[in-house]
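The structure is given below, and queries will be raised subsequently.
Chain naming follows the written order as A, B and C, and within any one chain the residues start at number 1.
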Amino acid sequence: MTVNTATTTLPRAGTVRLAAESVSLAYDDRVVVRDLDLQLTDGSFTAIVGPNGCGKSTLLRALGRLLRPVGGQVLLDGHAIQRTPTRDVARVLGLLPQTPVAPEGLTVGDLVARGRHPHQSWLRQWSRDDEAAVAEALTWTDMADLADRPVDELSGGQRQRAWISMALAQGTDLLLLDEPTTYLDLSHQIDVLELVARLHAERGRTVVVVLHDLNLAARYAQRLVAMDDGRLVASGAPEEVLTEQLLADVFDLEARVVPDPVAGTPMVVPVRRLR
Amino acid sequence: MSSSTDAAPRQRPGGLGNPGGDRSAGRGGLTAQRRTRLLGLLLLLVLVGVAATLSIAVGSRSIGLGSVWQALTDPGVPTEETVIVRELRVPRTALGLMVGMALGLAGALAQGHTRNPLGDPGLLGITSGASLGVVLAIYLLGVGTPAGYVWFAFAGALLGTVLVFALGSAGRGGASPVTLALAGAALSALFYALVRAILVSDTDSLDAFRFWVVGALAGRGADVAWQVAPFIVAGLLLALVNAPALDLLGLGEDVARGLGQRVWLARAVGLAAVTLLCGAATAACGPIAFVGLVVPHVVRAFTGPSHRWLVPCSGLLGAVLLLLADVVGRVVVRPGELQVGIVLALIGAPFFIALIRRRRLAST
Amino acid sequence: MTQLEQRTAAETRVHQPGETTVRVGPVSGRVRWRQVTVVVGAAVAVVLLGAASLGRGDFPIGLTDVLRTLVGLGEDTQEFIVLELRAPRIVVGALVGLALGVAGALFQTFARNPLASPDVLGITQGASAGAVAAIVLGGTAGGSGLLGGLGVPLAALLGALVTGLLLLVLAWRSGIDGYRMVLVGIALWAVAAAVTDWLLTRAEIYDAATAYVWITGSLNARTWGEAVPLLVALAVLLPAALATSRALGVVQFGDDTARGLGVRLVPTQAVVVLVAVALTAAAVAAAGPIAYVALVVPQVAIRLTGGARPPLLASGLVGAALVVGADLLTRTVLPQALPVGVLTAAVGAPYLLWLLVRGRRRSTL
């Protein structure tokens, strides 16, 4: 089990790979995120947490250049991400939206193979690298045996594994995941997060994940970023962020924070909802 | 004939020639799905040959295969049969191949882009635009031959699509399948209103238009085939270029963009291809329903959802379907002819309904 | 996330602005003023347009004379023109618009698809095929005597009902899935359109011209003979349609949710489709398939009332206003008498387009 016992505020010394510089985000006229700054260093594992509607998925979309900021900018390796050719971005940064839907009848192998798109061209449609990357991604996620099965016939946990496998085959340094555990039972939530943690630990991926479950976020991520109402309210190691005061302020929740008996990371035990 | 049959194998070096193809990941050798796809493609190619041969040989006057062969290869003294084959049957068959292929391709693209098995090029204002173009040509300019209609129909189809997209994506939110469909329906309503206003007040126009609107290959000569061929070839190329992008778009726009696909570019290429293909087909033969709607559903049964296979195979099956329907139309009411558009609707509809009832419908 | 946000907002605002709760004895309900405004406004528009229409035409009659005639004090010629020529035409127009608007709203709500209308589902096209068959085959000797002898309205009614029943039967698989219904409807449409087009190519050009006017939808020379049966049909069908309205609002959420909320799904589905088919058939038999009313009007009504689905009554009244208004235009403004079906599309379609471009926010049903 890969359990992080972070001791410093900055997860790991390293260069900044992805940064938001006073970013404001809006859908039509509705501003969702205002003037937000965030830096993500190489090899870090960050979880963005916050109540429903606080703008965490919106922020993740902007970090993955799916949403153009109305103010400020997102920098990928120091360059404005919106001005970088999208295919170049796709070789460095992979992302998985919340509950993606595969076309009916698409097999796992086909799905994972589509992750190689940024590395392919009209002449180079299926190189040895592609084949190797797909095979490795399938093996690594334990999906090789299911490669010929249609994605829509898989269970929820297997389906999420297939999508992560696709993101893995993309071979990017950075990986953004939007609530990868939605609709999964607890053991499959652990399964998926273990997989992501292994990607981080063994493959050195820089991971940003939006998570609902605070205890799981604290256990797997090195760094938590807490958002409330479109602002960043706290950032740092789980011990520093997950305080009883923050839970009251951000989640309107009276709670005790105790050490997780297994991992030693902070664990939230709710008492009651405030207000 | 040349343009359409050449084009389909052109896909093969890309799609089939690679070791491993676009799947087989994690496993070596031919998997079941790959074999099915290859067999399906081969079968389609054979069927195209059979349908084309039938289309040349069968008619109000049946011509033996030997005579057909002689007409095609022997430049000697023209007999009545060789003239029929060369002047009538071959151009008609070539046009049928092109139009059927164009409609099949356009249908596959339209369904892929809308992620909607109902996606039909007719919804985008192409048919109504072409109808308006033809009616205006008849009413104002007195044009009276299929070859004369072509440019007006094509211009109308272009105008229809451009307007539908401009209106459907105007304002906030951009083009969504729902707004596009509504804009298409509303614009079609407007165009047909103009068409009807002319037709109810001018009997001569109605007399010409009623024979265009049924959709037919009859009476179209080599001139029509040459007129639309460049557009169909261009549309074919764009469609083949567009197919891989559709595989990504099928995973959702966010995932597609995450994988480095420029979504607007893929959409623009797809729209251009659909307009060229469907516009040219409608211009040549009049509105022909059902090929674009039904063919991709049938093809999907053996190709699966991969558009690299689905798009070219839909083109081939479209050609087969149109040619066979045309042959049937020549046979059933001899010595008269049933127009290919009518035959397709009468054969296609029951088949389509059976398909709908059999499948569990996943509306994406 | 945004959905959750909206839901909490809705919960806190149980009492929405522009809405008044009415409780009288055991009766209670909520009045949505915007809907009421649209309904009343459309009804007033129908009456005004109708009144204007009674006076206008080749033989103009002043408003006071019209009123005098209506209460039985007019001259004989005026009485004949107003009561025998114009009134039935206007009544038929209003009723047809009402029926088509309601039918369209029923179909669109039921299928959860703005394109689901009797036009797209093939029902009006079925009526056209029937009518054209009667005109073409009845016109020439040796045709199907039975079909020719039926008379055009009856043949159209038959065509619409047969297509509608086919739609119901073919789309039925332990209940009707809205999506499957639309697909089956498109197939039926194509067959009916092919038959119509083919019959038109087989006809003498004069028969074809007559048939073409008919399938465009026209109010010309309509008499009380068409108006009265239509009125009777609507008297039965309209209450039935309104009765399904509440269940429809729940059906819209999807089958499982609807069952969970206690709607008996299968009977509701069957009743909704049958009522919508019957409304369409009645309208089409009276005036021909007046184009696009059923498609456009519910979409206009939903944008006027701002609800989540096409409101039935408002759709009906907007439909009536559209048809009566379009008929008035054909008889006054235009240089040449066109069938009203040309105008309904020419007026309705741009209006829908304008609404689409302007009111962009909600691009749902």
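What we mean here is this: a residue touches a chain if its C-beta (ideal position, glycine included) is under 8 Å from a C-beta of that chain, and two chains touch if they have at least 3 such contacts.
Treat the numbers as computed from the prediction; the structure is a model and nothing was measured.
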Which chain is the middle one, judged by CA centres?
B
Which chain has its C-alpha centroid farthest away from the centroid of chain C?
A
Between chain A and chain C, the Cα-mean centres are separated in Å by 51
Averaging only over C-alpha atoms, locate the centres of chain B and chain C and give their separation in whole Å.
33
Between chain A and chain B, tell me the centre distance in angstrom, where each centre is the average of that chain's C-alpha atoms.
43
Please output the residue numbers of chain C that touch at least 2 other chains, ranges allowed.
361
Numbers and ranges of chain B residues touching at least 2 other chains
172-173
Scan chain A for residues touching two or more other chains and write them down.
28
Counting only contacts in the complex, chain B reaches chain A at residues 14, 18-27, 31-33, 115, 172-173, 244, 247-248, 250-252, 254-255, 257-262, 300, 304-306, 362, 364
Please give the residue numbers of chain A that touch chain B in the complex, ascending.
28, 61, 64-66, 86-91, 93-97, 100-107, 109-115, 117-118, 122, 125-126, 131, 134-135, 138-139, 144, 147-148, 152, 170
Quick one: in the complex, what on chain C touches chain B?
114-115, 120, 170, 173, 177, 179-180, 182-184, 186-188, 190-191, 193-195, 197-198, 200-201, 205-206, 208-209, 212-213, 216, 291-292, 295-296, 299, 336, 338-339, 341-346, 348-350, 352-353, 356-358, 360-361, 363-365
Would you tell me which residues of chain B are touching chain C in their complex?
117-118, 120, 123, 167-168, 170-173, 176, 178-179, 181-183, 185-187, 189-190, 192-194, 196-197, 199-201, 203, 206-207, 210-211, 213-214, 289-290, 293, 338-339, 341-342, 344-346, 348-350, 352-353, 356-357, 361, 363
